[in-house]
Each structure stands twice: as C-alpha cells, then as structure tokens.
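Chains: A, B, C, D and E, in written order; residue numbering restarts at 1 for each.
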Amino acid sequence: MLEIANLSLLYGRHRALENISVGISEGETVVILGANGAGKSSLLKAIAGLVTPEAGSRVMLDGKSLIGLPAHDIPETGIALVPEGRGVFGDLTVEENLMLGANPRRARATEADRHALIYDLFPRLAERKRQMVRTMSGGEQQMVAIGRALMSNPKYLMLDEPSLGLAPIVVTELFAALKRVQQTGVALLLVEQNVSISLSISDRGYLMEAGRIVGADTAEALKTDTAVQQAFLGGSTA
Amino acid sequence: MTRTTIGFGLIALALAALAFLPTQLGAYGVGLLLGMTGYVVLASAWALFSGPTRYISLATVAFFGIGAYTVAVLSETLPYPLVLLVAGLIGLVVALVVGLATLRLAGVYFVIFTFGLAELIRQLVTWYEVNVTGTLGRYIFLPITAEQIYWQLLALAAVTLGIGWWIARSRIGLALKVIGDDETVASHIGIDISRVKLSLFAVSATIITLVGAIQAPRWTYIEPAIVFNPTVSFLTVIMALLGGANRLWGPVLGAVPLFLLFEWLSANFPNHYSIILGLMFIAIVFVVPRGILSLGEDVMRRFRSRELRS
Amino acid sequence: MTQLLDITALTKQFGGLTAVNKVSFSVNAGEIVALLGPNGSGKTTLLNMISGALQATSGTVALEGDIISGLPPNGIAHKGVSRTFQLVKILPSLSVAENIIAALAFRPQPLWGRGARDQAEVLLDRVGLGGRGDEHADELTYIDQKRMELARALASEPRLLLLDEWLSGLNPTELRVGIDLILSLRQSGMTIVLVEHIMEAVRALCTRSVVMNVGSKIADGPTADVLSDAGVIAAYLGDGNA
Amino acid sequence: MLLTALISGLVLGGTYALVAMGLTLQYGISRIMNLAYGEVTIFAAFAAFLLFSTFGINPLMGMIIVLPAAFAFGYLIYGIMMQPLVRRSAKSGTLEVDSILATFGLLFVIQGVMLITFGSNYTSYNYLNFGVNIFGANIAANRLLAFVLAVVIGATLFLVLTRTRWGTTVRAIAVAPKSAPLVGINVNRTARFAFALGTMLAASGGVMVSMYQTFNASMGVVFTMKALVIVIMGGLGNLMGALVAGLLLGVVETLVATYVDPGLTLASTYVIFLVILLWKPSGLFGKAAGR
Amino acid sequence: QDRTSVKIGYAVSMTGGNAGGAGITTIPNYKLWVHEVNEAGGLELPDGTRLPIEVVEYDDRSSAEEVVRAVERLVTQDQVDFVLSPWGTGFNLAVAPLLDRFGYPLIASAAVTDKAPEFAERWTRSFWLLGGGADYAGALSEVLAAAHASGEINGDVAIISVADGFGIDLVNAARATFAEAGLNIVMDRTYPPGTTDFSPMINEAQASGADSFVAFSYPPDTFALTQQAQVASYNPDVFYLGVGTPFPTYLAANGENTEGILSLGGIDTSNQALMDYRQRHTDFIGQAPDFWASQMTYAGLEMLEEAIKRVGLDRDAVAEELSSGTFTTILGETRLEDNQLRDLWWTGQWQNGVFVAIEPSEREGASAIVLPKQTWQAQ
C-alpha cells in the first residue's frame, strides 16, 4: 500500500501541491487526470523523492515513511518513475540504459527475465540494442524510458504521460503492454492526457486542479461523470 | 531618455575625475590605477564576446602579447599613433582568422582550444625571433610616461564600456544572448551565428590587442615569456566571471576589487600571499555565488521589496 | 493553387542508417499537410532537412521553385520557413517577450524597439499568453512554453510553418483550443506541415496527409483516404484506431 | 632512427597520458573543472621526494603511502568544497564557472602550502635513471615504468568503465546526473568517488614524474594545462581518448624534435591539438557534436 | 634627522616561474645579509653610528607588470632608502628606468646582458655585476680552443640552447666566438622553455661525433639533460650545461656524476673570505649558496653596505661611490669598470663536489680544467 497524505509542495513561493491525499493498493492501477500545470508531475516527483515536500507531508509505503529518503534510495523500495521528458541517458546505448535500470539490488535476480520481457514489449529496442539513445526518435526514447523503469522490478510503477509522442499503434501496444505489466502484480500510477485509454486500464482515478485533488472515483464512474466529460473528454468519448 | 542623459553626464563627470586623478597621486598610485584600468579594459573587452555567448576564451594573452610585440618591433620605425593602429589591425586580422577557426567549437573545447592557440602563437613568435631575427628580447625606449599610458587606457575603457552599452541595446546584443542560450534556435530565427560571433570576437580581440600595445612601453624589456604569460588570460576570465560577465558593469566590478585585493595581499602578506588569496577566493565563491553585481542587485531587490511592504 | 514546397528524392543517412529514404512530395500554398508515421520513421529528420537543421545526404527542397536545401538555417528562415521543435526549445535566460522579440529582430523585415515590443504582445495574445511577456521563459509550464515557441515561429511571418508534435501533451480541452489556433493560422493564409500523432487533430486540421514508414513514403493523399489505407493501418494506426 | 624516435615518443606520451587520465575522470565524470589538478601532482612529487630522501623509501613503495593519502584528500575536498557547489548548481547550472573559480582558489592554497613547506627551489633526485634497451631504443627505466603504468591504468579503468555495471553507473552520472537517482545511483557518492580516484591518478602521475623531471612548487599549472590539452584532444571523460591523445602528443613531439627542429616541438603539439579539434570539434573519441 | 632604521626594500619572485632561480640565488643572500648587518648592530654610517635595517619585501609573482608596480610601491609608498634588485634579466631591465627616474641605484646582480655598457650609460645609477652572454661564450670558446689545441678533444661542438633571452644571447655569442677560435659547430639546436624530453637532441649530439656538448640551458632543462645523458650513456669529453649547474641541489641530485661537468661561474676555493661566506650562508639558510651569481649578489650587498658607511644614506653619493670606489668583498678587491663588474669567473667545473673556477685561467685562483669528463657512474 502506497499512501500519500497531506502532501504539500512549494517551488519558491509558488504552491504546486496542497494537501494531497492519494492511496494505491498493491496491484492496483490509478490514473491522475488534470490540466496542464495542475501539479500531476510534481506529485510523482515528490513520491520519487526528487523534490522535497513541506513538513507534515506523509508518503508511506507499507507503513514505512519515505519522506526524507534520498531519491536514489527510492527505486530500492520498489517504486519506479518514468519521468516527464523521459530522462534517458542519451550518451549511453539502449542496452546500457536497460542495464542501469536493473541497478537497484532488488532487480538483480530477475534481470534476464526482464530483459526478455522488455524486448518482447518493444521489439524496436531489441533491434537497436547498441544505438546511442540520444540519436533515437522521440517515441523510441520513450520506450527506453519505460523499459528502464520496468527493469528495476518495481512494485509501483509511476508513468508521467507515457503516451506522449507515441504513434497510435504504439500507444495501443503500450497500453496492452501495461496491462501485461498489471498482470505481473505491479501497481501503476498513471498520469495521462489520453483520458479514455488510460481510464480503460485503470481501477480508479483522481482529478487534480491547481495543486489540489478535486475529485476521486472509480474509473467506470469517471468515464460517465459529466464533470469529467466537460473538463477532460471534450464532451464526447472521442 | 532624460535618465540616459543624466547617466551619460554622470559618467562623463566620473571620467573627467578619473583622468584628473594622477595629478593627485604619486607614481605608485598612478601605477596602481594603470594596472587596474588595464584589467578593467581586458575584462570588459573579454566580456563583450564571452559574457553573452558563454564562450570562455583563454586567448586573451595571445592578443595582448601581439599588441605588446608589435610595439616592440615597430616603436623605432613608426610614429606611436601609427604603431597603435598597426597593432590594432594585426589583432583584428588574427582575431578574424582565429574566429573563423573556432566557429565549430563549443564549451570546454573552445576554452582549451583558445588556450592552445595562445600558446601556439607564443611558440611561433619565439621560434621566429630565434631563427629569423636572432634576438629574443626586445627593448622599448619610448618616452611615454605612466600617466600617459593610464590616460590611453582610461579612454579605451570608456570606449569599451560604450561599445558594451551600445551592444546591450542593439540587435546584436540580443543575438548574442540567443546564441548563448541555444544556437539551434538562434539560427532558426534567422540569426547568422557565424557573422555575429565573428564580429564580436574581432571587436573584443582588437581592444585586447590595444591594451597590450598601450601597456608595453611600461616594461622597457619584452620577451615572449613576459608578454604571453597565460596568467593574464586567467585573471581576465576570473575577474569578469567574478563580477558577472553578462552585465555591462560586471567585469569592472570584478576587476577593481580583485585587483586591489591582489595588491593589498602582495603589499601586506608577501609570504603568505598564495594561501590567503586562495582562501579568500574560495570564500568569495561561496559567499557571492552569482557575481558581485548580482549580489548588489539582490540586496537592492530585497531593500525595495521591504520598502514596498512597509 | 500554387505549389509552395517541393521535396524531391530527399535522403538522410546517419552512418549506416537511412533515416529518410528518397522521399518526394509537395505542398500547395495555404494547405495544412500532416506528416505521419510510426516513431522513428524519419518525420523529424525530414523537418530538420527542410528547416536546415540537418543537411540532406541527397535530394532537394525547393520553396516556390527556389532550391533552399544547402542553405544554413538562418538563410532558410529568411526565405520564409519557421518551425517549432519536438522537444520545445526555449531561450531560458530571456523573458517571454524577449523570446518573441528575438525572432522579430532577425526576420527579413526586422522590427526593433517599441514596434517589436508591441508586435510581441500581439503575438503572445494570439497564442493565449497575453500580458505575460515579463515572465521568465524557463518558469512557464510546458504547454505555455509550447505556446511561446509557436508565437516565436509566427514572429518571422513565415510562408511555411513546420510544427513538430506541437499539440502533443495537451488535454482534450486544451487540444481544442490548439486546433482552433492552427485553423486561424490557415485562415491568415499560412501553409503548414505538421507532424502529429493525435488523429483527432489530424482529422480536424489536415486536408492531406503524407505517411512515412522506415524512412520511405508509404501514402500520400486526402486525409480520410490515407487513414483508411490498409498499409497505413498496419504500420501506424493499428486496428483499434482505424 | 625512426623506430627509436617512435618508441621514445610513445614512452614520453605515456607519461603525459598518465597525468591526463585523472583529470578526464574529474572533469568528465564529476564535472569539476579542477584547476588545482597540477598542484596535486606536484605535491605528490614532493611527497615522493621527501619519502625517498629522508626516509629512504623508494618512490614505488612510497606510492603505497602517497596514493591512499591522495585519494583521501580528493574525497575530502569533494565533500567539503565541491559538494556544496554541486548542490547549489543543481538549480542555477553554474557548476562549471563555480568550480573554475573555487579550484582557482584551491590552486593558490595548495601552492602556498607547498611554498611554505618545500620552498620555491627546484627539486630533483634520481631513481631508476638508467637506460633500458627496447628494440634498439635507449629508454630511461623510470619513464618506461610511467608508460607501463599509464597503459595498465588506462586499460583497466577503460574496461571497468565500459564493461561493468559500476562503470556504467559512473558514466551515467556524467551523461545525465539528474536522471541517475531514478535508477538508484547515488550521484553524490559516485561523483565523489570518481573525483577522489582522479586525485589519486594525479598523484600517481606526480610520483612518476618526480623520478625523471625537475619540479618546483610553482609548476603545477604546467601539468594542469598539458593534461587539459590531452583530455580535450582525446574527448572529454574518455580514458581511451586521454591515453591515445597523450601517446600521440609524445610521438609528434619526438618526431618533430628528431626530424624537424626541437624549437618547434611545443608549437607542433599545439598545432596537432588545434588541427584535431578543427577536424573533430569534440576530440578524437568525443561524442559527435550533437547537431 | 632622528631616524631609527634604514629601510631597504626588494621585490623578487617568490612564486611563479622565476621562483626557482630567485629562491636559490637572490632571496637567501638578501636574508643572510640583513641578518648579519643587524646582528652587527645595523648599517654603519659615516659618523660611526649604526642603524638597523628594516626590510620591506614583496613577491613579484614572476610578473613584469607586478615587479614594476612593487618597485613603485617601495619607492613612493614605503619610501625605502634603497631598493635591491629583482631576479632575472628582464625584470632588472623593467625596473631600471624606474629606479633611475626616482634616483635610486640599481645593483643588478642577477642579470646577464651584453648591453650592460649601454645600460650603464643610459641609467647612470645602474650597476651590472654578472657580465654578458658574450663574456661567458667567449670564455668557453677559449677553454675549448685550448683543449682542442692540446689534442684532448676534436674541434667539433654540439650546441643546444633554450629559446629565451638568456639562451639566445649566449648562443649568438658562441656562434661568433667559436668560429674565431677555430671550433666547428656541428649541431646547433634551440628548444622552447618547458621542454622535458631531450632524448632526440641527445641522440643527435651523440651521432654528431662532437667531443664537446654545450647546453645553454635553464634549471629544469639542466637537470633533465644530466639525467637523460646518463640514460643514453652519452659521455662527451666536454659536457657544459647552463643555469642550474652551479646550484647546490644539482650536486645533491647528481652526486658523483657531477664530476667534470662545466658551466657558467665557479668559485676560487683559495679565497678564504668567500669560503667563509659559503659557510655562513650554509649555517644560516640551511643550504649552500650556488657557485655562480650568489657570490656576486652578496658582494653587491657588501658594496652597498660599505658605500653607505663611507658616504651615508644620500643615494646620489652612494651611487657615485659604487661607481668609483674600491671595495673589499668576499670576491676580494672589487672595483667596477664603467659600472660593471668585469672581474668574473666565466667558466667553472665540478671537481670533487666543488664547482671551481677555471676561466680566465690566467687569473689567480683559477683551477686547472680536468678533461675528459669521467663517464657516468651507475647510481
């Protein structure tokens, strides 16, 4: 169980998150919806330890607090992040990026299996093992980023707009792949603009606005919620 | 508009005062002013190009030395103003060649390239003197006093700051900033990167050459080891960075205190100069993270915001 | 209808990899053409060759009959080509307005001083950033940076505008605003080539689509036809999106 | 004659490469532009001399003392001086400028300490200063040793960096320090380690140099600049590059001295350096400039 | 006048590229002299009173700009009574016009220049104690010519020189005087300062067949040449090296292998005053003086001391006295000719751990040269 409570975050004087409370059970998939600048990425970064929240904020994993844990110790706890803008190691090869993904100790045992899984999910990566990631197309780099996160054998995988810049067919495949990831028991925390497809694989969803959670419901309910329709689905299930 | 006029008026007054200063000071004071003004011009001229583009050039001493050597070679054959002109022209030509060569380089590659270039020029001058003219050291017996050198440097400083002021307000200044931020964007919005970089580099290098030429008569004896001393390049960079290289007054605010610090330390702690200087330097880096000018601005800003609140 | 852009047998090789392979197509003035294709099919590379960011290995790009391939990016920009980048490129040390003024100041008929400031405000208004010129460019949100980048591209008054996934990352509401903005550009007579993976936008905006796969052109025609093409569905759209 | 020149050139180059490799670690990996690098080299040279002349410990044995001390020193310096700068620059992105300014200060501090403890005189001693015949070329044993050390260290580190997971993490922090925590890399610890390792290499260079070269407390900057030239010529952060560039410089220098004019040796090394940069703007083994 | 001390100032290179030379030749002598004078109660004035010396010292950091300013500071800020000379030819020339303008005497004890006569005329209060390149080269050519005449060596000479003012002065003079002396220069190479690998030049010299190897070198090069000649088993009959050879550290580093090596300078071991000075220097500084310019530096200070004793602190009078007086110094009876010290030892040789003077050979106190140089000993 990953529990976030009373999470607040300041960038200088700008309040990016205010009293956020979100919970994800093991194996569950949760999507966070919200306009640009609502604070979705900030929330994921705070969980990953990349930004330091205000005092009084709580991030608990299976009852243990993650607050104060340095960012580089987070992957070891089983939380992985595919960040906005990918954050791949541009001057290293695909293979090296994946190898680094398995850097946390918890990932070592399953490394070989994971490699196979990832090359199965993204055959393009298997073809380009030795290519410098910097020289790959935007979508290819996104695959590397997701692959790298999966390498760490996460229990909770956070994805920040994974479909960004991917061809439709790849988006379909990616979400199919994410479904398979779900089946391996990994919980997903998803931030997406592609609302319909993300709701389709989610159990629950949260709505964010200006740094606050303004709504939460099951995915089923959100799909038909008129407010959500208005704000995020453009009135129709396009 | 009026504020600019007042600003110019004040600056003219300050210049007049500075020009008048030598009459109030002894030889040592004049020497101090002279050295300080020399570095003010060097740092300001350096920052003309390197500030906005963030290309850290260590070729300063190459141009400085070229200027000094030109004077040493020609001082007996040409009238002094002409010598300066020739020195400036040589500096300009070398700068254009160097500028063309370095266009493709970026970051630290540019830094070390310019260092290598300065060393190469020094080696070539040495080799030429040894093998062609057969004398290495040269003598300059020009009847130019320290005051006169100082006045020339002061004028050059005014010109340099004037150019800096003009650039900051002109399209070229904006182009330089854009280049410093992102060259791809720069070229895609229609900036001819090569031309902008080259012309600025040439202007900056010509001024630096003139500093070398103007200061040369002070030494009587010149040899490559003296006028191509890489320390000059390093000090220039350090002063400009310390003051804030992308502001008009930044280099001045770096050069003056640093020069005085050097002077004070060498006058008072000749035996522990290195250690004290080093420690102070480290302290400065930690206390004044974004250059002296920014420090001043921060203080001002805090002051103003407090005023607003009250 | 006059032909504005003409691409002939354009090829780009990176070492052994042929990223763009003898692609030819042309774009009429006033058209909005979508450039589609799977990830890594060479779309960005193609745009890069048009804008001069990359030199073509072979083939030519012509603008109203003028060969522009071989010119440096600034030369091409002065011929009337502007673009945005797949990963936004802002000028982080400048203010939002200065980002635009920079482009105004270096277009063929430069604007400077008062005129530039006013025009920058007009452009910012147009992309929805009115009144925010004094903010620091690097403190804008992603979407606002994209808006600013578009305003910067528009500042050059291009004849041809290249948009590389400019609409990606927008939520559906924002997407609609974005689509309207691009439509308004067409109304003003601009020709646009856009790379996009969001089919909703492509359908709404583009009369014609060109589809690439593994560096080669596999389809070219009216958008509706292209998107129902079996080859395109297999390579790009997938069955679910057909 | 040519063979002799080539061999002595390679050996000379090896001694250059040895000093340069530490800098490529410090600058390429830890992103610290360390202007005080040469001072560490000279300090180690003095230490080796001191151990040899007063305690009779030969320089090779002396390394057992000097190298760990250098590592510890580098570790300490990074912790005290560089870490705050790195932390600060995470926001402002001014690490390069800050590290230039800070290590410029450090340079003076170390130099001042040396001036006070060792004086400003030239120092020199003889150790392993006899000729060894290699394919007809007469090579000083101490230089040969430095060459061997350079090749061994260079090859070992290169293999470690490219073939092991640990090595890959080290390169990762050089490539994208911001992303490194996402895969569980402690950037600070890794950078600190690389910096200390670089300091140790600088010191090993110093110990070797002390055997065949005269040195004094003011000479550090000569080593820094030579090392920088080699590092840049080889491509930043690339050990193989540093090794190859060092060897190349050595060979060029010797060939020019033998066949052209000793007066042009330094000029020719700079010409080679400049030409290589013009041809490959990011060094021999550097990443192709990302345009 | 109720002064309580005599202020003496100097600016020398304590750091930077010139620190190595200044730290051996100049600074220790200034310190020793001040110490000794003050031990004795101070500088003696004509009326027999003594005033202690107060020192103002600056580091010129091996920068020409800095040395000029430091001297200006000494004169106008600190208002010292006398300024001692900096180390190095260029730096002495840089301060010469300045001191002349302020009316201060300059006793240049660490500057080698052929233009000394011209400078002495231009700046009438300047004194030049170390001769010019032509003097040293001329003396060397006589040494070599004599050895050649006696059949000890062939007439071929291999010369290398450092590409800076000093090296070039000497090699230029050597080219002229060697030819006159019937010597044949078979190799003539110039290398840039900072060169560390001399093996190509040593190989070439070895291949040239010359019996004499002459290097007009600077300290780091001098040390390197010695080491690398050993590695190459290069044993010419005559092995002549430049600055640095007469340094005590040279002996410390090379021990027995110094035997027979020639260089500039040298001492007359029969001169008791000199040997006494060397002992005092060693005791006070903890290190012996060098065998070349140290003694001239110290002698220059003695002359200054004596001149003050004779004529007081008036600088013009002191300059006049230095110019015309005769002094007893550690060098013996010392007198300047046209403001220059001409009674110098031009060539010396390491013999049994002492760098003895051998040229001018007819001058009293000269040792006999020993040729050929012994072959290198394994260490």
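Just so it is clear, a residue touches a chain if its C-beta (ideal position, glycine included) is under 8 Å from a C-beta of that chain, and two chains touch if they have at least 3 such contacts.
Since we're looking at a predicted model, the values are computed, not measured.
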item: Given chain B and chain E, the chains that contact each of them; value: D
item: Minimum number of chain-to-chain contact steps, chain C to chain E; value: 2
item: Greatest separation from chain C - chain, by CA centre; value: E
item: Of all other chains, the one whose Cα centre sits farthest from chain B; value: A
item: Separation of mean Cα positions, chain C and chain B [Å, integer]; value: 43
item: Whole-Å gap separating chain A and chain B, where each centre is the average of the chain's CA atoms; value: 51
item: Intercentroid distance (Cα basis), chain D paired with chain C, Å; value: 47
item: Geometric centre distance via CA averages, chain E-chain D, whole Å; value: 36
item: Two or more partner chains touched - positions in chain D; value: 111, 115, 261, 263, 266-267, 291
item: Of all residues in chain B, the ones touching two or more other chains; value: 123, 126-127, 130-131, 184, 271, 273-274
item: Those chain pairs that satisfy the touch definition; value: A-C, A-D, B-C, B-D, B-E, D-E
item: Interface residues, chain B side, partner chain E - complex; value: 26-32, 35, 38, 123, 126-127, 129-131, 134-137, 139, 215, 218-227, 229, 231, 263, 266-267, 270-271, 273-274
item: Chain C to chain A touching residues, read off their complex; value: 14, 37-41, 44, 86-87, 141-144, 165, 168-176, 197, 199-200, 235-238, 240-241
item: Sites on chain E touched by chain D in the complex; value: 13-17, 19-20, 22-24, 62, 160, 163, 189-192, 194-197, 199-201, 203-204, 219-220, 223-224, 227-228, 230-233, 244, 247, 249-250, 252-254, 378-379
item: Chain A-touching residues of chain D, taken from the complex the two chains share; value: 165, 168-169, 171-172, 174-176, 178-187, 287, 290
item: Contact set on chain A toward chain C in their complex; value: 33-37, 84-85, 124, 135-140, 142-143, 161, 164-173, 193, 195, 231-234, 238
